[in-house]
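Once you scroll down, you'll see the structures, which are given as structure tokens.
In the two assemblies presented below, chain A is common to both, partnered first by chain B and then by chain C.
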Partner chain A sequence: MKARLWPLLLIVAAGCAAPELAPIRDARPTRLQRGERMLVEASAPLFDVGPPVTVTFDALGVTLPARAVAPDRVVATLDEDSPPLAGASTITVAQGAHRWTSDARTPFDVELCAPALQHLANGWAARLPGPAWLWWALALLMAAAIVAAPLPVVAGLIVVWERKISGYMGSRFGPNRVGPNGWLQWLADGLKLLMKEDIVPSAADPRLFRAAPYLAFLGLFLTFIVLPFSRYAIVADLDVGLLFLLSVTSLVVVSIIIGGWSSNSKWALLGGMRSAAQIVSYELPASVALLTIATLTGSLSTQRIVAAQGGWPWQWNLFHDPFTFVAFFIWFVSALAEGNRTPFDLPEAESELVAGYNTEYSGFRFSLFPLVEWVNIAVIGAVGTLLFLGGWRLPFVDNALIDAHPWLDACGFVVFVAKDLAIVFVVIWIRWTLPRFRVDQMMSLCWKYFIPFSFVCFVGELGWVWLMPPLAGRIVAGVLFAVFGVGFGGWFVARVRDNARRYHDLILNDALGRGDA
Partner chain B sequence: MGELILANEATGEEMTLNMGPQHPSTHGVIRFIIKTDGEIMREAVPDVGYLHRAIEHIAEKCTYEGFMPYTDRVDYVCAMPANHAWALAVEKLAGLEVPERAEYLRVITDELNRISSHCIALGAMAMDVGAITPFTYILREREYVNELLEMICGARLTYNYHRIGGVGWDMPAGWRDKVLAWCDHFAPVMDEFDRLITNNALFVQRLAKLAVIAADEAIDYGLVGPNLRAAGVDFDVRRDVPYSIYPKLKFEVPVGRGLVGTVGDAWDRYWVRAQEWRQSVSMVRQCLAQIDATAPEFWKAPKKLKPVGDAMARVEAARGDMSCYVVGDGGTNAYRARFRTGSFNAMGIIRDKSRGLMVADLVALIASLDVVAPEIDR
Partner chain C sequence: MSERRGYFGKIAVAARTVSEGLAVTLAQFFRRPTTVQYPDRTRVPVVDSLPERYRGFLEVDMDICTACKACERDCPINVIAIDVEKRGNERVMTRFDIDMGKCMYCGICVESCPVPAQASGDAEPTKCIRMTREFEGATSEFSSLTFRFVKPGDPVAAYRPTKGAVPATPKRGLIAREVRRRAQSGNPLAFRWSLAQQAGGALAELTRQDAVLARAEELAGKVSAASANAPNASAPNASAPSANAPNDFAALIVGEGLAKTDCGKCGWPTCRAYADAIAAGRERALARCEPGGARSTRDVTLLVQLRKGASPAEAAAQAIATTLRHHR
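Showing the complex of A and B:
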């Protein structure tokens, strides 16, 4: 009994020892422009409305006059002649003799892309002939190409990885011929598809048929704008990041319907219709599950959601409280459904619909659909990582340290990718284990179970954030997760040991006198 | 069939889907014409005949012995029992006695082949409802069986092992131990397969209460083998119309019990096959234990075979009762030969059972009936 209890105690102790949130939090826009107002929120009514307040950016040494508009809200305005403020900093709010400092974990968001682009385009426009908008467009195109270039590589490598995993799971090898250990298989496949004839069926609607793959690609490509791979590796930290993510991924379903319908093939049409019903339905529980996190963090910005978490697992949103924990699984399963992955791969169920919505496609246009599908897995992993698994946060490292030592940012990137790949692995694992739902079963799962439960999570999270005192919340969540973890972990270990005991000798080569494999 | 498509199109509300003959999950070249209203099928009409090779006519054109390789092609997934059926029919016609050792070897190979055939059937059923790994996983086991059969007869698919009056070769040295080693290995694999897919919640959800075939329906449509037994009819040719050395073996006949749904649903058809694995393994073990007591002779037949009359032999193939009817007119060739196979009858019930199912269920229904295209058409 004693041996069973100590991890429980450890987890509870760790939960209690986790640092408290700072009393104030800056809710600034990503970049403070001249003349713009900034808002500072407090976790409790701290300020007196009326007496003057100052807001100081500790690292920049800038102090702004401010005004308390409510007991928990302070508004400061940046002077007209002051330069825009950017750079990492904590802020200190002072009123009379009181001083409150914000949490160092709260970022003063860094933006590299937009200023760099602006600099580049302005430089070109100043030195080269032609209208300025042309150089701007060129700079934007260049940036888009830089973001888009890794996508085929990401998709290709995940495809090879998936084929290898599925091979090992199904007692096969998977690709092992092209390149080192088969890792260049994606290149060979992609080149082959590029060289194939681009066939448009004579009965298809040629314009829509041609446009559909690009729409799918666009939807996935745009998500990369708001994915924070590290503190600096983000294209644009939009204030509506989560909303943006949800909306652009919906483009994929539009493209699938267009592709399935315009092909003028019955199988493709069935696939497209299934996909429409499925993705539209599952977007609801997925969005509500994400709202749970937005409620907890108080922001839709992806960087802020990451920043609100910590480097240790018990600081992740996943283990914040039972509602976020359940929301994670609801979101994850819904994401599988939105990404057309087993057990929800009905739109392209190869044993039923031949190839589903992309039956009539060939060559390069066809290759875009699988590319989108596999990039989508990486996006699922990235979204799960940033929302629930702490993103790029490292233990013991705060933003000031990252700004001082850029190599720590690279570590953050590695951590993010590692978590992403862990989720990708689970997605692949599920695909190669489970059968497929039927359409009606999939729909009833969504509407009868996931949507109600996701709302329960959302409302429960509201209650938790509103009513639960922080320390009590940590203790309750710590105890719950410890009990759950010990129980589930014990069951899992027992099952694996049982399997290992029973099936230790599944390969019969020696008995049959077979040499290889 | 063309007029059927046009007739369906005329109503406008329903869509006619042409499934096959090159559809990935029709288990060979079979074609279905499906009338659907969205995902729900009004009807699926099977169209057979794409794999007709006139095997029965070939039997009239070559000698009794020479026809044996063609019987492999009657059902290439489970060729041994077809060999057996032909040999049994001709032996009956000519009144031949078969050495006991040959009978044992025939039953061992029959049962090994039944196991490998059920591997395909169950793996394909899992794959048709979307689980791909169980298929490759159980195909590995089939590879082992193929290897055992290759050791005894040199072929992995079309065995041509049984002969009129016996079998082609005795088992090679050491083969017995290898088969026993494989039997020991296969026992936990069956359990693991159950855990992987048979009792998988999604799998059960897809197959339970799907396309329920009642006992009287199964008899009316002439279903045989596992499909019949899954419907709750306790009939097995090996036990009820005994042939070869089956009376000497102890085995049970698994009958559908509706463990997760109704008796005769698609899951029962799956489950009965999974249980037959266990029975077959036990039969192989029993045969290997008894075969040492037999005389070493494995083939005995007259030089010239010119029987007169007609004979009918029934064997239990993997897809059920395979009957072979042969008429001899005193020549070296059969005057007429006829195979009655399980898959053909199973195709007949699909039209009736497909009404109101979803498109995805049709695939599961076909897979659960375990139809094999060459066996339908021959």
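Showing the complex of A and C:
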């Protein structure tokens, strides 16, 4: 009895009631189809499926023909030749003599302007022979190629950065010879790998052996389609964004297993098998943790998940409620495990397996595996940023302002990359702090701790979204941020200072002229 | 301890210890690296940071060398080679070589040197031959560690010391650096032996019929001269001097055939031991001198054949066959 009372108490304490829902609940563009369409959702089954419907954007003064696909769903279609629509507006749906309007206090962001490339693709698809979806997919791949072209550079720079961080954590320099302060080391390493002989072991399965690195690369490359670097810098804002992310990253696992198996070597096979066991295990808590966020946002679209958060830390999903807070850590550790990063780098444990699944690879084929591994860190950072750390959102800046001042979009990009790099730093930092787990430890962490906790988070989040009034929710977020963001952060900084106080050779002291040399 | 904790206790321990570990590594991250970036980014050149009595390369200030050969005589492993000639009424040194690849840095040569000197920048007096703080001798060519203080064809007159005077000498290390540079750039010894070790073109050159025949005739003269020094070795007397015959022949093998590096790759401790064994018939393998390569095989074979009484033409044919068999 008592347990059922606490949400009610919170409601009373917060002094607010659940808002009354307008008949039109939601409106968003759908983008996996040819032509630009807008999906409008009603809060109750209002429409007759069949008779014609119109959707009016009141503030823009535009009415589009529409079709009721379900009693509570209407799809409006933007004519290919009509100008793009953009702006904040309420939406009115009319069918026969009935009219339903959305809540006037919260107008929707109408953005029926396809990104240029996508619009172009739509045009081609209409004119070129053959199935339209094929052209559309080709255009999508081209756009992804543009986004992913700097991928090797990103991987290279992260490699150099990691080596520098590991160096400084061990009182060494790391690479500092090639290029300015060593930042071109990745070029030298890459060139060296390209020069090397490409060896396929005679006992290997040649086709699978050759295919595996490309599969790994492809799996990672595809994630860049849905990563929202800023409001505009996204290849395609798929409605199934998160699902897409999960499925294509699984391709990396497949490639690791293929590589391990086809090498026909004990080291490689053991590495591949370990990897399979590990990633299949950790896929579960990671996905359920992501589901927590999907539940909260009510969408799998990456751009909408970012849009649901705010620019300030207490508006991030990380501090939204205790369940997302725990889900973040479950997701983060699982992502480490899925990316084969220390302390979960059992598939490539040097001391036991030489190099694990890629033992038999050399030259260019080999270089793809580390490339994927390090880009994967960047992808982990990007996914964490967009899901939990507010993505590219800036304080005081809403979408209308970004549309008015495009440089703000660049700021958003910078903010996104900065958060991404912060997570990358933590990933590297953890690698140089924690030793490798044993297999049984790794498995018990996943199955005994993460999986139960991730389901608790998921179910708890369902309850939270269902029962928690907005004001109380905001208070909880503020408390979470104060306790964990500020309080724990402060404690941690104090611990670092405590440790650093024993050293007289801090770089900071050098900079301030207080060093001992 | 952690065994006694419950499910949630373990989680708390994990969170706390991981945070502590991360705090430690982050504090380390802000420390200045302790790496010494040898060789080019040290605060002072490494050579200058070494103590004054450091035993690095030997160097000789030829301007104050009296050609007394004390160092050569006292060197326990014959690292130093000095040739002195008389030109008019002046003694000149035509060779002053130190094989730093063989030197064991014992410093006995410095002890025995009778010429004191004061090098600029040093607190203590030093000698004409002295140890420096130079130590970087990495090379791909063993023979480029032979430091030649007399340039070939440019003999140096011996110094006549004034009693009681301590002559000034350049800062220690400058001469060693210069000599090392010369040794590594164009050492004729290195050049000759590297040619000998090459296969292909050089081998064809070494086994050309007329070249081998010319060499056989040249060596035949030397072999007969060595035999003339002593009674005929093939019909030995009972008396003592006959023991010298193989010795002279062995000296000929060392001088004309072997590389004189005492590397031990032939299985004998020194070149002389190998040559003695060949001369006495205890060693039948004539192609064992690795640093000498094909040239050594050819010349040793020639010498052995000639001593057996073969004509230069027969010896040359045999030498060509043996050399090609072992070095192609």
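Heads up, the rule we're going with is that the second predicted complex is superposed on the first by the 345 of 517 C-alpha atoms of A that agree within 3 Å, B and C clash if a C-alpha of one lies under 4 Å from a C-alpha of the other, contacts with A are read in each partner's own complex, and residues count from 1 in each chain.
Basically, a contact is a pair of C-beta atoms (placed from the backbone, for glycine too) under 8 Å apart; a residue touches a chain by one contact, two chains touch by 3 or more.
Just so you know, these numbers come straight off a predicted model, no measurement behind them.
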item: Partner with the higher number of touched chain A residues, chain C or chain B; value: B
item: Touching partner for A:Glu197 - first (chain B), second (chain C), both, neither; value: neither
item: Which of chain B and chain C A:Gln441 touches, first, second, both or neither; value: first
item: Touching partner for A:Lys266 - first (chain B), second (chain C), both, neither; value: first
item: Which superposed partner A:Phe173 touches (first chain B, second chain C, both, neither); value: second
item: Touching partner for A:Thr433 - first (chain B), second (chain C), both, neither; value: both
item: Common interface residues of chain A - those touching chain B in one complex and chain C in the other; value: 169-172, 432-434, 499, 503, 505-506, 508
item: Interfacial residue positions of chain A with respect to chain B in the complex; value: 166, 169-172, 266-267, 270, 273-274, 342-343, 345-346, 349-354, 432-441, 499, 502-503, 505-506, 508, 511-514
item: Touch list for chain B against partner chain A, complex; value: 15, 17-18, 23-25, 38-39, 126-133, 135-137, 140, 144, 147-148, 178, 181-182, 185, 188-189, 191-192, 196-197, 200, 202-203, 205-206, 358-361, 363
item: In the complex with chain C, residue positions of chain A that touch it; value: 165, 167-173, 429-430, 432-434, 449, 492, 495-500, 503, 505-508, 510, 515
item: Interface residues, chain C side, partner chain A - complex; value: 11, 18-35, 37
